[in-house]
Amino acid sequence: MCLAAPAKVISITNSTAVVDYNGVQTTTRLDTLTEPVAPGDYVLIHTGFAIRRLSAEDGEETLKLFDQLAESLNDSAEATDSRDS
Amino acid sequence: MTQNNDRISPLHGAGGAMMGQLLAEHVLPHFVSSQVGRINLSDMDDGATIALPSAGELVMTTDSHVVKPIFFPGGDIGKLAAAGTLNDLAVMGARPLALSLAVIIEEDFIISDVDRIVKSFADTLIGSETPLICGDTKVMGRGEIDGIAINTTGLGIADPAIGDAGAVAGDVVIVTGSMGDHGMALMAAREEFHLETELISDVASIWPMIRTILPVGGIHAMKDPTRGGLAAALNEMASKSKTTIELNQPAIPIRPEVQGLSDMLGISPLEVANEGKAVLIVSPAVADQILEMLRKHPLGHDAEIIGHVGGEYPGRVVLTTDVGGRRFLDMPLGDPVPRIC
Amino acid sequence: MARPFQLSDPVRARQLADAIAILAPPTPVKIVHVCGTHEMAITQHGLRRFLPENVEILEGPGCPVCVTPTADIDAVVQIAEAGAIVCTFGDMTRVPGTRLTLEQTRSKGCDIRVVLSIAEAVHIARETDREVVFFAVGFETTTPMTAAVLLDDPPSNFSVLVSHKKIPEAMAVLLNLPGTNIQGYLAPGHVSTILGLAPYAKQLDTFKIPIVVGGFEPLDILYAIALILRQIRDGVGFVENAFPRAVSDEGNLAAQILIETVFESTEVHWRGIGAIPDSGYRLRDEFTQFDARQRFQIEGETGDEHIPGCRCADVLTARATPADCPLFGTRCTPLSPVGPCMVGSEGACSIWFRYGGRELP
């Protein structure tokens, strides 16, 4: 029960923002957000209200998490191998 | 009784002088005279004639249009009606010979809107060098019909006609451009959604593009993916030929705005209408050549090979997803609605 | 076409699938999620193909549309028939009440409008003298919006039919039902954006099973599943955040305060499951002037008709998959739905039927 898509903040007027989803623009309310946002930030929007600020780096950070998991499994596999050999 | 000269009244459909005036001032001037037969539109006879070429198959198609809104980003019901019928002929491999136009208009409809719609219709025909040769006008009372309904019937010549059931294993699946534009543009245009975008309907007659590739041969099946989108068209093509259509999702061209709307509304671009596109299933020997020729045409600029035909699941469409998963892509059901979950 | 935060690279997907294969135990594992958007993502991206045969993931009561009680739908139909303008999310329009769906009510001539946001409903109310009622359905992701609007001086002709529910409480109830046999939960990402992690700990700590909060990109989901399997491998069970870019420990405090100010917890009925204490919201006294049930004097009984053969109750409680229901795909299809799981467009049965979940190529 969670359809929310990230959109880029274009401009802000009081507690509403104009946002852009890949070339589709609409307005969103910001009064459901804790943190302030600035143009250029991304926000997660659910039914016309922002619920979270995302910065562009967050995508990269997430990929690092995935890579860390893969590495940790490789490391423990290698550790097992070296014990066996 | 005072006439409101700006709006349609029941007399405009009554076959008398008022109707004659409507046609003379607001309909006929938009059309060029036709040379396709001895008796044509300007003769205002009970019918029109076509001198048939000696070879080929006569193809006939008919469509009714009740689209709302009547005027939408990128076109209107007139352009949609003309392009829709011309495209049905084109994807049968048929050179269009002539169209008919029948309208049923609600009383009080604004006459200058009739002008706009008919002009759009006429301009689309002119772009594909196709004459209008006959028509009909009716008026229904206020509330008895919603605005305007249009029926068009088209005749064409194909040599040979290309159906939608001829796919064989090994064939290549090509789309002539981005998917979902028309359906998503209309969704975005709904006033209550407050969305702004430059996305417009792709409505266009594709005959000028299709005619360039017909001489190549090797086109086993063709369809225009209108209501139900690409998913519906491919399912029909797979089911009728009892083959499997293997689709590669990352290869399907989707405009960024269409993707954005899809993410926002939870509606798949593969399930909404296209009105200026074709899907072709062709022999592998000609696939690259046809792709190149499509891309040379402005309407086929974004053409892509999106899949191939196999046999593992006869009658089904299998999608390899962007992440490398696999699932069946089945016939969509009904009109999509935006969702919250 | 890449969209921001798109995480669907097939090479990484393969790596995460390999991680899952390494971490999975040899015995059957049943993971349950509670979010229609998770099921959509899993099915539409074909993610089950990345899981070993013994690892199963299925949807529990994750479709607020599906678990909306019949009585709520009947109330909205009654309000529409009384002449009010009813505003609703699109996916509610086809869910049947005792007599009619909202779509059928509209065909009869009632004024029912699909909106993308409650803000649009308020906008409509400002432009008319007629009564305007918003059908407020959704879990904790959607509840703050209703609260925000009610705190923002709405017009006097505006009211809401509150049908908001709380998902952590339902997750706990499922673990106590016989036969659910859940070894791990994939917790809903955007609900968690609002709630943070504490409510899951509060409701579910005693059960000592992995609760991993996951996002909705294909890689997010595979990663969260891997973390659930890692906890199982390590013999532990705690709340873990696999979606840190959108979920913080404390959640969205502004949204939580909005909910807390306007609503209080109450027992509500979940279609297919029954009454769950403290699992829903009702308006606090100072906001009952906006309660559509009071304004339109709705009195309704709760209760679902049981259709012989329909296994929606089992599907909603993750004790059956859609394919386990004898009516699935035969008597019960999206065009002729029998139970709410097929009617709600985010119900497991509807998703499986439309996106090929019942069979994997």
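A, B and C label the chains in the order they appear, each numbered from 1.
Basically, a residue touches a chain if its C-beta (ideal position, glycine included) is under 8 Å from a C-beta of that chain, and two chains touch if they have at least 3 such contacts.
Nothing here was measured: the structure is a model prediction, and the numbers come from that model.
Trainee: So using the touch definition from the top, which pair is joined by more C-beta contacts, B-C or A-B?
Mentor: B-C
Trainee: In terms of Cα-based centroids, which chain occupies the most central position?
Mentor: C
Trainee: Give, as an integer number of Å, the spacing between the C-alpha centres of chain C and chain A.
Mentor: 21
Trainee: Just curious, how far off is chain C from chain B if you go by their C-alpha centres, in Å?
Mentor: The mean C-alpha positions of chain B and chain C differ by 38 Å.
Trainee: Cα centroid separation between chain A and chain B, in whole Å?
Mentor: A distance of 39 Å separates the two centres.
Trainee: Where does chain C touch two or more other chains at once, residue-wise?
Mentor: Residue numbers touching two or more other chains: 1, 3, 35-37, 62-64, 89, 116, 120, 138, 142, 219, 346.
Trainee: Chain A: which residues touch two or more other chains?
Mentor: Within chain A, residues 1-3, 21-22, 46-47 contact more than one other chain.
Trainee: Mark out which residues of chain B touch at least two other chains, giving numbers and ranges.
Mentor: Expected reply: 193-194, 255-256, 259-260, 263, 266, 339-341.
Trainee: Show which residues of chain C lie in contact with chain B when the two form their complex.
Mentor: 1, 3, 8-10, 13-14, 35-37, 40, 43-50, 62-65, 89-91, 93-94, 113-116, 120, 137-138, 142, 218-219, 333-335, 345-346, 354-357, 359-361
Trainee: Considering the complex alone, what residue numbers of chain B touch chain C?
Mentor: It comes out as residues 192-194, 254-256, 259-260, 263, 265-266, 268, 312-313, 316, 318-330, 332-334, 337-341.
Trainee: Using the touch definition up top, name the residues of chain A that touch chain C in the complex.
Mentor: 1-4, 6, 8, 21-22, 29, 31-34, 42, 44, 46-49, 51-52, 54, 56, 58-59, 61-63, 65-66, 69-70, 73, 77
Trainee: In their complex, what parts of chain C are in touch with chain A?
Mentor: 1, 3-5, 7, 12, 15-16, 18-19, 22-23, 35-38, 62-64, 89, 116-120, 138-139, 141-142, 144-145, 148, 152, 167, 188-191, 193-194, 215-216, 219-220, 223, 226-227, 242, 244-246, 252-255, 258, 346
Trainee: For chain A, which residues are in contact with chain B within the complex?
Mentor: Touch list, chain A to chain B: 1-3, 5, 7, 20-27, 45-47.
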